[in-house]
Each structure stands twice: as C-alpha cells, then as structure tokens.
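Down below are the structures I want you to see.
Same chain, two partners: chain A is paired with chain B first, then with chain C.
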Partner chain A sequence: MTNIKTLAKEIRRGWTGYLFIAPGYLAFIAFMLLPILFAISLSFYKVSFNLEARQFAGFGQYAILFKDPIFKQALLNTINYTLVIVPATIFISLVVALLIDPLGPRSQSFFRGAFYLPGVAGGVVLSVVYLWIFNPTYGLMNYLLGLFGIKPILWLATAPYSFWAVCLVVLTFTIGQPIILFLAGLAGISQDMLDAATVDGASDLQRTFYIRLPMLRPVLLFVLATQTIQVFQLWEVIFMVTGGGPFNSSTSLVYLIYQTAFIGGNYGKASAIGVVLMVIIMIFTLAQLKFWKQTDV
Partner chain B sequence: MKKLTFLFATLAILSILLASCAPQATEAPAVVEEPAEAEAPAATEAPTEAPVKEITITYWAFGSEGSAMADGTLWTDWYAKIFDEYEAAHPGITIDFALKGYDASGSTLVVDTAVAAGTPPDVYFDTKFRVKKYQDTQLLEDLTPALTADDIATYDPVSIEGSKSGDMMWSIPADGGYWNMIVNKSLFEKAGKADLLPQAPDYSWTTEEFMAACDAINDPANGVYCTAFFAGSTSMDSATNQWLAGFPECKFFDAASTQYTVNSPACVEAFTFMHTIYENGYMVPGAAGLIDDTTDPYWLSQQVAVLGQGNWYDSITKKSAGEGAIEAFDYIFVQFPNKPGEPVTPAGMSNPDVWGVFKQSDPDKLQAVYELINYMQQPEMVSAIAAGWGKIPVRTDAAFESDDPAVAEPLAAARKFGAYDPYFVNGVPCNYNDVRQAWAEARQAFWQDDADVQAILDGFVERANGIVTSCP
Partner chain C sequence: MTAKINKQDAYRRAVEKSTRFISYAMLTAFAVTFLLPLYWMFTGSFKLQTVTMAVPPEFFPAHPTLENWTRLFTGPWPIFRWVLNSVAVSLLTVVLVLIVSSLTGYGFGKKKFPGSNVLFFILLSTMFLPNQVMLIPLFLLVRYLHLTSTLLGTYFAMAMPMISSPFGIFLIKQFCSTIPDELIDAARIDGASEWQVFTRIILPLLKPALAALSIFTFNQAWNYFMWHMVLATDKFQYTIPVGVSIISRTPAIGKMLTDIGITMAGGSFGAVFMIGLFVAFQQYFIRGITFGAVKE
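What follows is the complex of A and B.
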C-alpha cells in the first residue's frame, strides 16, 4: 500500500515526464502485455478458432505438452540451434571484426556493408536462395561437393542434414549485426593502451587476447543475449526451407507454435508452448542479468 | 527471488483478470433455425414486392491480388462482373468480395484471425480441407437448403458425401482436379520408347508396365528422372495417395469404423511398390524435402517424365509455353498404374474447392446467402470457376471443355472408370489438419533408405486414430 502511495506521489510530481512516455507504455500494454496475458490465459483452455466455445482445461494443455514427443523434439532442436548458432555467430563475427578493424575507413565501410547486407535482405529472401543452393539435383552445394568426389547430400530431405542446413542459412544473416557492434566496440578501445602494450613488447595476438577481448566484454555479452533470444525465436527460415522436416528433425518451438495454432487450429496448446518458451527465455535473461551484475559489466 | 515471485504472481493475477474479462466461454452457438424448404430462385428473378431489406454479404475466396484465371483474366475482375450482375438482379443485396491469400503450407491466417476476432466472412470459398477445420469447431451452417433436389441429383455422389458430416452438408463442392498422370510424350519419343506408354482408348497400364517404362526413360546421368514425389509439407498429399487407387483393397480410411486403415496388407503392398521406385532411383532424389512447388521446375524443364496431378502440370505447362518461358513439348494424360489383375484405376478427385458459410444470426441474411450459393453453383458458373483453376466441375451437368485432345480424350476415358477419393468415401474426420501433418511426417520417413514400410504405416495409423479419438 505504501508503495502504491509513493508511486502515485511520484507520478503527481513528475506528471509531464510520465505524459511523454505514456504513448510508448500504452503501445507496450496494448500490443505486448495484453497479448502476452491473453496467451497465458488461453493456455488454460481447450480452444480453437471459436474462442467463445472454449473449455477450461486447467493445466491440461501443459500435461499434454510434456507427454508430446514432437514438443520434446522441438525443445531439443531449439536448444541445439542455440548451442550451434550463437557460438558460431559470435566466433565468426568476432574474427571478421578483428580482421576488418585494422583496415582503412573505406575498406571498413565496404566490408561492414557487405556483411550487413544479408541481414537487410532478411531470412525469407535468403531462404529462397538457399532452396536453390540445397536443391538435390541442380543445387550449388551438391555441385561443389561433386567437385571433390563427394556423393550428393539430400540436405533438406534427411536428418540431421536438414538441421545443419537451417543453421547455415541463419548464420548467413545473423553475423552482420554483431560485426558492426564488435567494430564499434573495437573503435572505442583506447589506442594509447594498445600502443603502451606494443612498447612493452606485446605481440598483436597478445594485444588481442589481453586487451581487445577483455575490453569487448560488454559488447560480447550484449551480442550473446540478443542472439540467444533471436535464435530461440527462429521461425521463418524453418518455414521456408524445411517446414520443420523431415519428421520434425529441424522444427523449433516457435515453428511448432505456428503449426499448432495456425495449421492445427489448437490455440490452447499453442499458447501453452508459447508460455513455456517465454519462461525459458525469461530464465535465460535473468541469468544473463545476474551474470552481468556479478562481472560488473 | 522475492522479485521473481512477485513478478510471476502479478502475471498470474493479470492473466486471470484478463480471462475473466474476455467473452464468456459458452456452448457452441446453436444452429440458426433453417428456413423451411428454401427453393433458390434464379439470378434473374428480381423481387418486386415490398421494400427490400438491405443485406451485405461478405464473400471471401482464396487467392491474392493479382491472382489470374487460366486464360489470364484477373479473378478480381471476374468476380466483380459476376457480383455486379447479381446485385443488379437482387436489389438490396450487396456483396463485399475479397480474395484472401494463404501460404504454401496451407495456412489460412487471414481467415483464422477474422474468425478468432468474431468477424469471419459470410461465405468462404476454399479447398475442402481448409474449410473443414471451421466445421470441426461448429462454425459453419448447414447448406442443405441452398440446393434443390434437382441440384443434388447432378452431383457426383462421392463428392457430395465428402462434403457432409452425418446429414449436415457443411460445404458445397464446385470444382476439383482429376489426378490423372501426365506423361511427357516428347521425352519418350526422343528416347524411342513411346511404345511403352499407355494407349487409347483407356490409357491404362499395370504397375509392371509402368516400371518397364520408368526403367527405359530414367537417365539420372543426364538429369532425367522417371517420376517425382514430395513430402516436405502437408500440401497435395493426394498426389501420393492417388497411387493407392491401383490397389483397390487398400483403404486409406475406413468410413464405417471411422478409423485409418492405411497399414493394411494391401496398403503395405502399395507402398512397398512405391518404395521400389525410390530404391531403383527412378525418382527425383530428396522427396522427403521437396514440396509440390519445388517439383514444378523439374517438369517444366523436362527433367521428369511422369507425374501425378496431371491437371496442374497441364495448366502450368500451357501457361509457361504461352509466355515463352519454356519450349513447348507434347504430353498426354494417362491413368495411374493398377496392380496386375485389378481393374483400371479410377480417376482421383480429391480436396475440391468448396463453399462454406459461417454461422448467421439473421435468418433473412442466411436466406440471401443460400440464394447466392445456389446461384454460384449453377452449371455455367462452376464451369467458369473450374476452367479458371484448370480443374473440372463437380456437377456432372456442368460443361468441361478442352480443345486439347491430349487432355480431353484421356480425361473422358478416366471419367468412365469412376471417381476415386484418395482419402475418404464418406466425409472427412475431424482434426484433419493434425492428421495431414502426421501423414506428411510419415511420408518423410517413408522416403528414406531402408524405410520400414509396415512400421511407418503402423505409426501413422496409431497417431491418426488417436487424433480422431480425441474429437469432440
């Protein structure tokens, strides 16, 4: 009660400020908070397109979910995507940023643009390109493998290749943004510190490991957090490239939500999957926050 | 930890509050009382008595802006003309028409969203399986009053039964594709193997004759495959199921017991035959990852010699050749191969385009909708719709015309062997979209090396029957 009174007092005191931020908050409430709460409430119902005919099911949808082998597969795949794509994105983009950093401004601009461009094109456009690249008979990938005498691989038709195919497509457009962030982080490192290390006899590799990388830690953690959330929400590439197949080997939680809700018409179960995903991301984000606090970043 | 507990508690309380604010959960709305003996008048009958009630009918058909009919006319232009005429003949009636797209995976997001928001269209025209999902949630009207006894008598009984749940006619079929096989005759002629193809008047062949022709034409080294399958999505699973018609003992679904029976010995035999095509390398590799759309380029670039879904490939070949995108080639329609000793395979007709009507609260409007549907399902109208989609009208008195003898002759032959529904003979079970997803996954497992046919079909049947059992 005291807290509410204090809050009301705060609002009265700074009402103009609150007025300025109100549109943002109203939009957040209307388009984020309320839909989230509605999804949470739907997860306790057996419900399809006809919302008025919904039946209360308690935790029934969750019970069904945790017995569902496809849900378990999707959960496992989502974790695997995260474990593969996030470290790969960070590693590749960091290496690229370190290679670009010493170049002149024009060259840097060129490479920044070149690596960022796939991200602008978006997952859908890239997926269409990759459908051609992965085509079993006339695709570029199998043509290149053939040059080395390797038998054609049915990239989208066999597990686990379909999983790796999705990873490859995603990596094409996820590395652009981290490269820009890492370059910005590298530009912020004091040249005096690097020069002092050079005077002390440090090699370029030592300067990278003992100065650049530690100084990049805030950017690194930011990239880690945003990339993880992004990969947890992986959907469009799976939709375009594999359709979750073959036999669910490449499906993800978000794709399963889409299928359950919009193909199967099971809004209750889809909402339950959404809630589970939300909890997973929330736990991860809280762990990140704790880690940031502990490491004093 | 306290903050976390507070956060979850707040979320839970707000969710409960929100749920209680949402529209009350109720029993499914009762069916609107049917008007007695609705005899649908002809389009030209204009009411002359009493002031007319203004009624707006929302009519959505699948497609998107720019979708064109087979002859190049935009669907929007065609519908605008039809509805202008209808409105002129029916004062007080306004038709609010729109094409609402769906994606390749078979999703109908726009319609689903409108339904969930409580603002569905009055009339929805789409494929049967997509309309069926709304029937599963008791959202559709019974359309029996929209048809006269004379109308019903003109329908293929298999198709009309497939639009019913019990006695309730939740949809009316307009047109469908006959899933004949299509054969690139030019390829066989070039290879000097045209004599292996089915001949007039029946254009039929056995599975053994099919395999012999396949063996002769298959040339993977030069990028030519005998045939192709696809299982990457739920779309067009009928193209695979149609093969079962050559094995008459095999039933995908048993209407009497409402159970899936595609794991029977006859079906296992059929699928084992199909897997032989895979094992022999007679088909485009990667069927488990291909979808119907990705198969099109193989046909158009003459990399595949024989395919199901003949009507579709006929239409895209004519279109692409007409636009100069491909070099024209000769092709013919033939029947699907039948097991030796079994009758000639009937033509498959599956998943027709149908009209569905969402629940109405105004009896006058419902009556107006019935009249509109009756008008749209008249022979001339469905002929035009079918021609627009490169399909065949379901009404047997609606003309199907083709000036292409390669199409018309075998189709006429196919019709004399009857129609075959690759799925059901008596209605569509509920939750069919879930079953189709399970079927896509089973087919993906099937198109793999060393696939255990019996185990895959057993697994599918167990899952599909579980889905049917969970129906309300």
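What follows is the complex of A and C.
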C-alpha cells in the first residue's frame, strides 16, 4: 500500500518529465510502435489491395513463404549481399582511413570529403550512372575490362553478374561513412602511445597492427553493426539497376517487400516478409550486443 | 658517431618521403575509382546522344553541348518543382525532428520519473528495426486519410516515418547528460520556470548537437526514396530522387533507347544541391556521423 502511495507521489513529482517526453513519445507510438504492431498482426492475414476484405490465415502466410522459392532466393541473396558488401566496405574504408590519417589537416578533410561525396549524391543518382556504365556495348565498365583483354559481360542481364553489379554500386556509396568513423577513431588514439612505440623501435606497420587496429575495435564493431543492418535493408539499387533480375538472382528481402506490398497489393504477405527480416535483424543485434559485452569494449 | 646518426636520419627521412608518396598515390587511385561515376555523370550531361554511345568512350567531352540541359529545363518535367518538394519535405522533417528530439531527449536526459528507463528502452530498441516494416501500415493510414490529396498533406505524409527519430532522441539525451545539474538548479532558484530553463539554458547549449542532427536528418529525408516513390502519384508530387529515377526510365523520343544525356543532366541536377550543402557544412555532416560512435 505504501509502495503504491510512494509511486503515485513520484509520478506526481515527475509530471514535468512526462510533459517533456509526451510530444515525442506520442509521435513514436503513432508513427512507429503502432505501425510495427499493426504490421505484425497484418502478417497473419491474407490481404489483396482491399484491407476490409482481409481473411485470417494464422501462420499460413509464413508456411507459404517458406515454401516460396522466390522468398528463399531473396533471403539467400540478402545474406550473400551482406557477406560480400560488409567485409569489402570495412576493408577498403579501413585501408583508406589509415592512408588519410597521417596527412595534414587540409588534405585530410579533402580526401574525407571526396570519399563521402558519392554517399551524399545518393543511391538513386549513382544507380542512374551505373546503368550507363554497365551497358554491355557502350558502357565504361566493359571498355575498361576490354583493355585487359576481358570479353564483354552482360552485367545486368546474366547471373551472377547482376549480383556483383549491385554489390559494386552499393560499395561506391557505403565506404564514406566508415572512413569518417575510422578517422575519428584514429584521431582519438593518444600520440604519446604511438611515440613511445616509435622510441622502442616499432616500425609504422607494427604501430598499425599492434596499436592502431586494436584501439579501433570499438569503432570497428560499431561500423560492422550499422553496415550490416544497412545492407540487410538493401533496396533502391536493386530497384534502379537490375529490378531483382534476371530470374530473381539479384533480388533482396526488402525489394520483395516493395514488390509484394506496393506493386502486388499483398499487404499481408509483405508484412510477413517484413517480420522475418525484423527477426533476423533482432537476432543479429542481440548477438552483437552479447559479443560486445563478452569482449568488454 | 654523429656521422652515423646523420646517415640513419637521412635514411629514415627517405623512407618517410617514399611512404608518403606511395600513400598519396594509393589514395588518389582509390579516390579516382570511387569518384569516377560522379565524374562520368557530370561530363556525360554535356555529351550528345551519339557521343554517349561511342566506343571507345570519350573521357573528356571534346565537343561539349548544352543540349541535354536545355532539354531538361524546357522539357515536360517540372524539375524545379521536384527540388522545391524535396527541400520542403526535408525541411519539414528537420523541424519536426528537432522539436521532438530536443524535448524528448531533454526529458529522458535530465528528468527523473517512474518508468523512464523502460520507456526509453522501448524507444531505443526500435532504432535498428527495418523501417520498411512500418511503411505498409503507414501507407494504408495515408491512403485512408487521403493525406496525399493536398500538397501540405503530401509533405507531412512524406515526413511521417522519420518524425520520432530514436537516433535523434538518443543523441540529445546523451548530450543533455553532459550538462551539469547545478546549472539547471541555479536557474530554478533564480525563479526560472521549467519551460524557461529549457528554452533559455538547455536549447542554447544543445546548438552544436542540433546543428549536426539537422544536417544528418536533412540528408536522410532527402534520400528516403522508397517512401517518396510509393506516395507520389503524379509528377508534381515527385521529389528529386523520384524524378531522376523516372527520367532514367523514359526512353528518348522516337527511340527504344534510354536518353542518356538528359538522364545524366537530371542526375547531376539532382545531386548538385546536396553536394553543395555538403561542401558548405562538411563539419556538421561529420559530427552527425561520429556522434555516439566515437568518444570525443
């Protein structure tokens, strides 16, 4: 009884707190929490354009989904995209950041800006150029490969090249952000520690492997987490460049959500795919959190 | 003895010089590779259709033409309207995100009230959820309310999924926790109301964080392609990314081929605004990215 009383008192004393969070929290409930819950409930229904005429299907939607070869392909592709793009992004941006780090402040900000520029231009704009670059007869890509004696490739019309084409486009604009993060991390490493290592006779390469890289670990894990979640949601490049084809060889889960919901009007099935994606990302995030705690960064 | 040290010094300097040269060369090679698409687009916008399809390709337009640009500006596409739409949607998103994030972030960062931890945890746990999941219900809501039948409604609908930004609230909360309590207490003793404390003390201190959040949100809203694509039904509702994608899908008049020249002009036109903003506010862009990830 006293507990309830003190709680009531605390709630009354904290009223300004509730007032301050109210606008934001109500917006959060209205535009995020309820839509997510609604999507979960929608995933148990069969809907075709008209929401009023929905039919309850229970887990039937999910059963159909896991028998659907296109869904399986999209799931597999999404995982493959992540396995290719994320390590490539991290490797390239780490190398670039290590190369930029020793430069003077002006060249540093120049190169940092240059690598971030494609990201600012956005995926749609880049995709539009790449459509031209990947053209089999007059595209730049086949011309450049031709200089090395490689025969023309039908980049967007044949598997597995369409998959690799999407990876290339995405790479152009994903490396900017990690470079900035790695540079900020490198700038935070104490110069005294590096100097001490130099006095002890460590070469620059040794300083990189034994001091810089271990010190970058927290940033590295952050980049790994954010990049993975971003690539899981890959969509616009596929929409622009390959349309998921040929024969769904370059499709992804989110592209499938887009097609199923906004072209096909099958909101229930699309929500079910969304829930699957949500679960995958949740498992991944939790695994990451556990890993962070274990390695105690 | 000194001669030996001098020799070592000279050797070390030579090594340093050559490593610097190599790293500059490697960096330039990387930068050229990654900027090539943008270069190709800008130069492509000054090439005639026949030149865009030439083999071998022309690396620098030998006979630059403004034809694509004139066709873009005088053609059937309301491109300035698209830019206006993009600016309006992005600004509206920024304003709403700033209001929501500063109030809520301050509430969670400085106020003590029962349930605050739980409420904040629920908020934060949605930060990494794929937002495509909530777009379906939001789309049905927008359609049910006929929001896209008016211009203002369309802008609001386009801003909707970004308003309650868990990232923004998290960022402001973190920033608020660095503000000493004494500052707030002193103002309260001097007779300032809760609201005055927030507007006169907290908001001015939050300026750098709010600036970074604005730029970050603006860029995100600008490129929220899927949502704009789904909502915009006629060409006066398009934002610039949607418009660019539509231009790229429209074949040249009387031909089955993509009109490369005008597509490149459209792409350049669409990119130039954001790139200008980036060049002008680079430090805020970078702060928006590094906040929260790297200890400062």
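One rule holds for everything that comes next: the second predicted complex is superposed on the first by the 283 of 297 C-alpha atoms of A that agree within 3 Å, B and C clash if a C-alpha of one lies under 4 Å from a C-alpha of the other, contacts with A are read in each partner's own complex, and residues count from 1 in each chain.
Here is the rule we go by: a residue touches a chain if its C-beta (ideal position, glycine included) is under 8 Å from a C-beta of that chain, and two chains touch if they have at least 3 such contacts.
Nothing here was measured: the structure is a model prediction, and the numbers come from that model.
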(request) Considering only the touch criterion stated at the top, classify A:38 as touching first (chain B), second (chain C), both, or neither. (result) both
(message) In this superposition, which partner touches a larger number of chain A residues, chain B or chain C?
(response) C
(message) Under the stated touch criterion, which partner chain does A:52 make contact with: chain B (first), chain C (second), both, or neither?
(response) first
(request) For A:256, decide between first (touching chain B), second (touching chain C), both and neither. (result) neither
(request) Classify the contacts of A:265 with the two partner chains as first (chain B alone), second (chain C alone), both, or neither. (result) first
(message) Just to be sure I read the superposition right, which of the two partners does A:85 touch: chain B = first, chain C = second, or both, or neither?
(response) neither
(request) Go through the superposed model and pick first if A:138 touches only chain B, second if only chain C, both, or neither. (result) both
(request) With the two complexes superposed on chain A, say which partner A:234 touches: chain B (first), chain C (second), both, or neither. (result) neither
(message) Just checking: does A:74 make contact with chain B only, chain C only, both, or neither of them? Give me first, second, both or neither.
(response) neither
(request) Name the residues of chain A shared by its contacts with chain B and its contacts with chain C. (result) 34, 38, 51, 131, 137-138, 239, 258, 262, 267
(request) Under the touch definition given earlier, write down the residues of chain A that touch chain C in their complex. (result) 7, 10-11, 13-21, 23-25, 27-28, 30-36, 38-39, 42, 51, 92, 95-96, 99-100, 102-103, 109, 111-118, 120-133, 137-138, 140, 143, 172, 175, 177, 180-181, 184-185, 188, 204, 219, 222-223, 225, 229, 232-233, 235-236, 239-240, 254, 257-258, 261-262, 267, 270-271, 274-275, 277-278, 281-282, 285
(message) Can you tell me which positions in chain C touch chain A when the two form their complex?
(response) 19-20, 23, 26-27, 30-31, 34-38, 40-41, 44, 52-57, 96, 99-101, 103-108, 111-114, 116, 119, 122-123, 126, 128-141, 160-161, 163-164, 166, 169, 194, 198, 219, 222-223, 225-226, 230, 241, 244-245, 248, 258, 260, 263-264, 266-267, 270-271, 274-275, 277-279, 282, 285-286, 289-290, 293-296
(message) Can you tell me which positions in chain A touch chain B when the two form their complex?
(response) 34, 37-38, 40-41, 44-45, 48-56, 131, 134-138, 152, 154-158, 162, 239, 242-243, 245-248, 258-259, 262-267, 286
(request) Mind listing the chain B positions that touch chain A in their complex? (result) 4, 11-12, 14-16, 18-19, 22-29, 105-109, 112, 115-116, 118, 133-134, 136-139, 223, 231-234, 284-291, 294, 298, 303, 431, 433-434, 437, 440-441, 444-445, 447-448
